[in-house]
Amino acid sequence: MDNKYKQIIGDVPTPDLTYKPSLARNISDRFLTLTSLVFALIAILPLILILSYVLVKGISQLNLDLFLSLPEPPGDDMDNAGGIGNAIQGTLIVTTIASLIAIPIGVGGGIFLAEYSKGDSFSQFIRFGTNVLSGVPSIITGVFIYGVIVSTKIIFGSNFSAIAGGMALSILMLPTIIKTTDEGLKLVSDDLRTGALGVGASKFVTITRITLPNAFTPIATGVVLAIARAAGETAPLIFTALFSFYWSSSIDSALNPIASLSVLIYNFALEPYEAQNQLAWAASFVLVAMILFINLLTRILGNLADSKTGQSNRK
Amino acid sequence: MNRRESEIRYKLRKRTASERTLDNGFKNFSLGMASIVAILLFSILIVIFRGSIESIAKYGLSFLITSDWNPVDDAYGAFTAIYGTLITSIVALLIAVPLGVGTAIFITENIIPKNIRSILSVMVELLAAIPSVVLGLWAIFIMEPFLRPFLISINSFLGWLPIFNTTPVGPGVAPAIIILAIMILPIITSISRDSLNQVPNKLREGAYAIGASRWPTIFNIILPAAISGIAGGVLLALGRAMGETMAVTMIIGNSNNFSWSIFAPGNTIAAMLANQFGEADGNQVSSLMYAALILMILTLVVNVFAQLIVKRLRLKY
Amino acid sequence: MNHTKNNSIINSPCISLENVTISYKNSPAVRNIYCEMPRGKVTAFIGPSGCGKSTVLRSINRMNDLIDGCSLTGRVLFEGVDLYAPEVDPVEVRRRIGMVFQQPNPFPKSVYENIAFGARINGYTGDMDELVEMSLKKAALWDECKDKLKESGCSLSGGQQQRLCIARTIAIEPEVILMDEPCSALDPISTLKIEETMHDLKKSYTIIIVTHNMQQAVRVSDMTAFYNAEKQSGGSGKLGYLVEYNETSKIFNSPSQKATQDYISGRFG
C-alpha cells in the first residue's frame, strides 16, 4: 500500500515555504502596508495638532472671569478683551431653541418613515429629501432664514434674533434627527411590533409604549450628537443671530441679536488685535471641550447601553 | 365564556372614538412632520431663486463667466468664486481621497490589534466634530504661517506654472485647500471604512485561499466590491467641500480678483456669502442670492449623484 | 533543514497533524489531534457539527490566521515541513494548499477573471484562455459556462458557483485541496456533479473534505476521520477531539469505537 502512493505522485521533495523578504510581492506588500500606516498617521495628525493648540492656547486663559464677564469691543482696551460669558449663554440659548424646533419635527418625521410609510413614493421622496437636505451647505440655511425671517421682520418686527438663529440651526439638525430616528426604529425587532398589535394595541400605543422606548438609545445618541454639532456651527448664525456684546437677560432677548461662541471666534479671529485673538482661542477651548465631552460621553453611554441590552448591531 | 360576556369584561373592545382620534391624530402629526422636509427643501429653492431673479435678469449667464464684483459700478460676476469653489473642493478631494481610503483600509485590515484600530477610528470621527470655525482659527494662526515657507519654495521652483505663479504672503487658496482636505477626510474615511466592513469576509477568505497576499486581495477583490459605497462617500465629501464655509472664509483671503494661482487670495461662493451677505444691499444681495443658487444647484447635483451611486451599491450586495 | 519523515500507519504522509490543539480566544475548540493524511487520496472528516472539523481543516492552510484570537499548539506538517514554524510564509502555504468553502464565494468578477485572478497572482505564465478552459473542464463546468465566460461569477447557480470555486482552486495547481462541506448548500444534482469532479481530481491531488453526509464520505473518500465533541469540564463550550481514523471501509464496516458505530448508524444526538 505504501508503494502505491509513491507510484501515483512519486517522492515529493521537501517544499520551501519560508518567507522570502526579497520577493516582489513581499516588498510591495510591505511597502503598501507601511503607506497605509503613514496615511492613517497623517489622518489623525490634524486632530492631535488642533486639539493641542486649542488646549495650550486656551487653557492658559481659563479663569472665572472668562466665564462671567462680557467681551470688550475690539480696540477699546489693548490688553484685555474681556470674557465670553454672554457667548456661552447665547450658544446655549440658540442651541436650545434649535433643539426645540428640530427634535419634534425630526422624531415625528422619523416615526412616520419607520412606522407608517410602506416604502411608497412619498416616503421614498422624504428619505431622499432628508439626504439632500443634509447636503445643503450650512451657509445656505443662513441665507434662507435671512430671506424668510430676518429681512421680512416677520417675527414681531425683529430682524436679527436668537429665534432666527435657532431656526437656521434647526434646519441643519433636522436631517440627522430624522435619520437616526428612522434607523433606530428600524432596529427594533418586528416581533415586538406584531406582538403589541396582536394583543389589540393601537398603532399609537405600540409606537409610544413599545417601539420608541426600545429605540431610545440610538435615537438619543443621534439627537445629542446633532445638538453638539449645531452648537459649533457658525455659518447659519452670522447673519441671523448676528452678535451682541451684552447678556441676554430677559425673554425679549429671544427677539434680539445674540452672541454665540462660534460667531465670537469668527469675529475675534479676524480682528487685528492680539487680545481679541486670544479670546478667540479661549472661546475655542470652551467650545471644543463642550463638544468633545458630549461626543465622548454619548459614545460611552451608547456603548454601555448597547452591551447591556446585548444589541451589537450598531456601529 | 361567550362573546357577550367578554364584551362586557373588556369594555374597550370596541375602540372608543377618542382612542381612534388619537391614533389618527398621531399618524397625521408624524406625516406632517415628515412633510416639513419636503416643504423646507422647496422653500429654500424658491426663496433663493426669488431673491436672485433681479440679478439673473440683469446679468444672465454672463454672471457665471465674468469676475467683476463691484458694488460701486453695480457690476457683478461670480467667476472668481465659482472657480474658487471648484478648484478648492476638487484639489482637496484629490488630497483627501487617497489619505481617507488608505486610512480606512488600515482600520479595517488586521494589521494592528483591533482595539488600537478602533481608537484610530474614533479619533477620525472626533476630527469631524471639531467646529469649522475652530479649524479656521487654527488655520490662520498656526497652519498657514507654518506652511508658508514650503509654499514659497514651491513658488520659487515651480513659479513658471500658472497655478503657482504668485508669491504666497498669507491667506490664499492653497491653505484653504489644505484645511478643506482636513475637513472632508473624516467623511471619506468613515464611509470607506463602513463600505469595506460590509464586504463579506468570505470574499477575502476566497482570495487568501488561492494564495493571494494582503494587497492584491485588497486591490482586486475588496476595493472593487466596496467601490460604489466609497464613490458615494467621495461625492458626499465633494458636496461638503463645495459648501464648506467658515474655515475657508477665514483662510482664503476673500479676494474677488481672479487669479489662476492657488497661492493668491481667492474666494468661494460660500465664503463670499459669509463675508458680504450681512452688509449687502440692492443688486449685491440679489447677486449674492444668485451665487447661492449656483452653489445650491452644484451641491444638489453632487448629492443626488452620491445617493444614486450608494443605492446601486445596495442592490449589488 | 533536516526533517525526519514520520513512520506510522501511513508511510510518507502528505499532511500530518501532531498533537494539534486549536483555541479561540484562549478557550480550546479541538484538542490533541494526531492524524496523517496520505498523498493522492481523499480523506474525509466526519462528525457532529461544532466538533471542530472546519477548525482543523482551516488550520491546514493557515486560514485561521485571519481570525482574531485563534491560536494553535502542536505541529502541522506538510511534506515534513512545520507549517507554523516562524519562518513560514502563510501565502506560500496557501499556494500549495488551496481551499473550497462551505458557502460558494465567487469573486464579483467575470467567470473568466475568477479563474485568471488566482493564476495571475501565482505568476502563471502560460496561455490563460487554455488554463481557464482546462480548469473549468476539470471542475465539470465548461459545458455549462463556455458561453458565459464574460458574465459575473455571482450570476451562476449555487452549484455552478461552487464548481467555479473548485475550478479557480484547481487553476493554481495546488498540491492539496481542502474542501469544507462543499456540497452542503447544494441540491442533489449539483452534489453529484461535484462528487464526480472529486473522483477526477484525486488522480492528481491530495484532497481533504469535511462532510456531514456519510454516504458522501463512503462514496468519495479513501480514509475517514471521525471527530466528536465532549462537554468541556467546567467550561461552557464543547471541546472536539479525534475519535477514530482509519480506512473508510473499516470505519464504516467495523469501527473500533462505540461512538463511531453510533454515529454512522444514525444513533447519535
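When the chains are written out, they are named A, B and C in that same order, and each has its own residue count from 1.
Keep this in mind: a residue touches a chain if its C-beta (ideal position, glycine included) is under 8 Å from a C-beta of that chain, and two chains touch if they have at least 3 such contacts.
A quick note: this is a predicted structure, and the numbers were derived from the prediction, not measured.
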item	value
Contact graph of the chains (line, ring, star, complete, other)	complete
Comparison of B-C and A-C (more C-beta pairs in contact)	B-C
Where subunit A and subunit B are represented by their mean Cα positions, the distance between them in whole Å	14
Rounded Å distance, subunit B centre to subunit C centre (Cα mean)	48
Multi-chain contact sites of subunit C, meaning residues that touch two or more partners	91-92
Subunit A, residues touching no fewer than two other chains	25-26
For subunit B, residues that touch 2 or more chains besides their own	213, 216
List of subunit A residues in touch with subunit C within their complex	2, 5-6, 8-9, 11-20, 25-26
For the subunit C and subunit A complex, residues of the former touching the latter	1, 3, 10-12, 14, 38-41, 78-81, 83, 87-89, 91-93, 96, 175, 203
Subunit A - residues contacting subunit B, complex	25-26, 28-29, 32-33, 35-37, 39-40, 42-44, 46-47, 49-51, 53-54, 104-109, 111-113, 115-117, 123, 125-126, 128-133, 135-144, 146-148, 171, 174-175, 178, 200, 202-204, 207-208, 228-229, 231-235, 238-239, 242, 262, 265-266, 269-270, 277, 280-281, 284, 287-288, 291-292, 295-296, 299, 315
Interfacial residue positions of subunit C with respect to subunit B in the complex	61, 63, 66, 68, 91-92, 94-95, 98-101, 103, 105-109, 117-118, 121-122, 165, 168-169, 171-172, 174
Complex interface listing, subunit B residues touching subunit A	13, 15, 19-20, 22-23, 26-27, 29-38, 40-41, 43-44, 47-48, 51, 98-100, 102-103, 105-107, 109, 111, 120, 122-124, 126-127, 129-138, 140-142, 182, 185, 189, 194, 213-216, 236, 239-240, 242-246, 250, 270, 273-274, 277-278, 288-289, 292, 295-296, 299-300, 302-304, 306-307
